[in-house]
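Alright, structures below, take your time with them.
The two complexes that follow have subunit A in common; it is paired with subunit B in the first and with subunit C in the second.
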Partner chain A sequence: MNMEIKKSPLHHEIYVVFIKDVKSELRTKVAANAILLFALTTLFLISYVIGPYRIASADQPYILSAWLWVIFFFSAMSGLSRVFVKEEETNTSIALQLAARPEAVFLGKFFFNLVLMLGIALVITPLYVILMEFPIRSVYNFGLIIFLGLIGMTTGVTIIGAIVAKASMKGTLFPILSFPIIIPLLLAVIEGTSMTARSASFAQTMQLTSVIIAFTGAMFVLSLLLFEKVWLE
Partner chain B sequence: MKILIFLWIVIICYLSFLFSPPAAGFIGESSRIVFFHVPVAWLTVLSFLVAMIQAIRFLKTRDPIYDLKSAVACRQGFLFAILATVTGSVFARVMWQSFWNWDPRETSITVLLFIYAAYLVLRASIEDPQRRAVLSSVYATFSFVPALFLIFIVPRVYYSLHPDTLINVQGKIQMYGRILFTFLFSLGGFTALYFWMYTLECRIEKLLYRKEGYYD
Partner chain C sequence: MNLTLQAENLCHRFGKISLFSDLSFALGKSDVLVIAGPNGSGKSTLIRILSGFLNPAAGEVSITEDGKTFGPRHCFHVIGMCTPEMRLYEELTGWENLDFFARLRGIKDAPDRLKQALSFAGLEQARHRPVKVYSSGMKQRLKLLLAFFHAPPILYLDEPNTNLDEDGIKVVSEIIRRQRERGITVIATNDPGEYEYGNKKISLAP
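Take a look at the complex of A and B:
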């Protein structure tokens, strides 16, 4: 009798972890609702108090793109650590450690966070652009920058979520640890977003895009290498 | 050892205020701050590298002594980062009439400060020593990505008012004679001071660990 344990291929494990998280999220919808409500509340405040007409049109690109990313950053902070925190709270992390490889867990949860963030952005961004009358010159550049920025932010923040889940004061610690890590990314992304409102040329956006991609790539590789240490601790 | 370093620092003070002439192109005597600001900024980066290397060694060997060294480097790096920020800000006020203006270099040092602070908060919030060691080492290693961008890429890509560093884009040294001599003398002195501080605090931490029974 062959007692060798058969390992399923990595992509299948990633898929299973991803689907598991989607199913458990659909039961309670805690993370999605937290992020969405946070984003909507902030958007409501900004739109009600300031609206599109209280800012000089020359300042609009800068102020409006900074606010958009403030909304994204803090909404992400209110929900993206949930994937790891819930495993610790319900004591299911040990079962998951046995069931799947660390890389599969990381990638599965990363894709879950990414889908969550992109879904929220799909609701918030059009609303923001309409309510604040964000003067976009090139829709493609704008969409590209937002898309890449969200990927980068999720990459940097996912492993921090895993660290935070093992520590005390989880809620406060998450933004404190995440902020310094993704600041360079946020600066480049905000600059890029404001650029799409100032000129339609792709060449200028391209330069910032390469910075964002390089930064995201570096964080992604390092996350994959380091995640095992955090997860198996 | 400590007497030697003390004398070295005294000589640095003498050289920088009395021996070296003020540099051309700077307001009044303001250029003298370079003999203190640059070494301290260099030590900020150096402690960051030490902290990261020790963190990686810990993750490889799981020997608590490396984690302890990494923590010492971070604590001292935090101190140097504050000193570099304050001296830089004073210089900015004299030179450009503003304490703070988000120059690329000012941004970089602020983020480094945040990273150090976040690391220290993370350490404080975990009770179990083994878990604390693993998680803070991972954080120290991971924060290498933003540090790399901020220290080496951002100041070279974006336009900055900051005077050229010793290793500048053109790869030329723009200091001469007495100023260069004083500067290098001070850089060496501060580095020696750093290694003395670092080994001393590592020894103290090691003794405390032995006493509390966490370490062998």
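Take a look at the complex of A and C:
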């Protein structure tokens, strides 16, 4: 179709969408503030009310891992859907649909959400480990599980954000849809995180790491396939 | 390049209200179609159907170039569109908005063309201001540039003169004149002053 108009390479389109979202976020700071404030409030509430000493040491790996991921999950809920909801609410999606390939939009916004979540995790995780005295046996395994878990969670939350942005009851629908889709991943990452507090052996976390990678990979591929239908709806 | 935009037996309805039925036309290069009609007659809906953003209740839209036929949804990258419901990124400047879409469309010499385009639309002084401080007329000028900047073979304009002053209306006239040399233009309007842009006209009844 019209040879005079060349499409940009996909990686370039992804980069352009990503940079636009970063620029918009730096100007408004709405998503970053929402996520960070939620995460910090929850973290300080947990550490102040319960702290590390009211939990039996045998239960600590399980309970502390679960709370850490609850903080991540609900923080993601509070801000990550914004990348699509804002496009729909401000009617900027029409021009974006015309100019960019759907996969470039999805991937650009996925990388933006991922960078945002990793940034939040870089602030929250050390604070959580210090305040709750999380007993990490292997920093490497712990970091790997957190990193992979955040990729999986961001994938799920990004595609659900795109679906929810098209619906009228956005606030309610987002957690309702996210919960069943992300639960299998959350179970695996919570177990994986607690394992890093019980054992320093990579072999023991290997199986859970594989589950997280497989789940994330499947969700990522499905999201890419589904996104065009959702975006152009 | 042999370009045709064809609509065959288009019908659309919202619930029990029929907007139009059995609407057929074919447009070729240099054609400017004016869709006229009062408020609620379905002008904007027809633009949305032609551009692929809405499926008609019946009928078909096809775009043919050099013997190859495509549905409108496969032609998004060659469409330029300016409609009242489209919005710009308010937190970005006029330059950044235009630059974003130019980069997405793979325009290589974007900075030079951006300067020329903004100057053409009379926005060069305001180019580094956030769009949120633009007047409605300035926003309309920028939206027209976004629609026209990548030299699309098919250009859809819905109420293009909305909020524009005399200079702005001259910009619209010039855009349509240039587009006539290059491809197809479809304009939806209820302003009789804009009918003169077209060489073809459809009147929709309420």
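Keep this in mind: the second predicted complex is superposed on the first by the 230 of 233 C-alpha atoms of A that agree within 3 Å, B and C clash if a C-alpha of one lies under 4 Å from a C-alpha of the other, contacts with A are read in each partner's own complex, and residues count from 1 in each chain.
Operating definition for what follows: contacts are C-beta pairs under 8 Å (C-beta built on N, C-alpha and C of every residue); 3 or more make two chains touch, one makes a residue touch a chain.
As the structure is a prediction and not an experimental result, all values here were calculated from the model.
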| item | value |
| --- | --- |
| Subunit B versus subunit C as contact partner of A:Phe215, first or second or both or neither | first |
| Which of subunit B and subunit C A:Lys7 touches, first, second, both or neither | second |
| Contacts of A:Ala167 with subunit B and subunit C, given as first, second, both or neither | first |
| Touching partner for A:Ile159 - first (subunit B), second (subunit C), both, neither | first |
| Partner chain(s) touched by A:Ile176 [first = subunit B, second = subunit C, both, neither] | first |
| Partner chain in contact with A:Thr92 - subunit B first, subunit C second, else both or neither | second |
| Overlap of subunit C and subunit B interfaces on subunit A (superposed complexes) | none |
| Of all residues in subunit B, those that touch subunit A in their complex | 59, 107, 111, 114-115, 117-118, 121-122, 125-127, 130-131, 134-135, 137-139, 141-146, 148-150, 154 |
| Touching residues on subunit A, where the partner in the complex is subunit C | 1-2, 4-9, 12-13, 16-17, 20, 23-24, 27-28, 90-92, 94-95, 97-100, 104, 232 |
| Interface residues, subunit C side, partner subunit A - complex | 1, 3, 53, 63, 65, 68, 70, 73-81, 83, 85-92, 96, 100-101, 103-106, 130, 146, 150-153 |
| Subunit A - residues contacting subunit B, complex | 156, 159-160, 163, 166-169, 173, 176-177, 179-184, 187, 215, 218-219, 222-223, 226, 229-230, 233 |
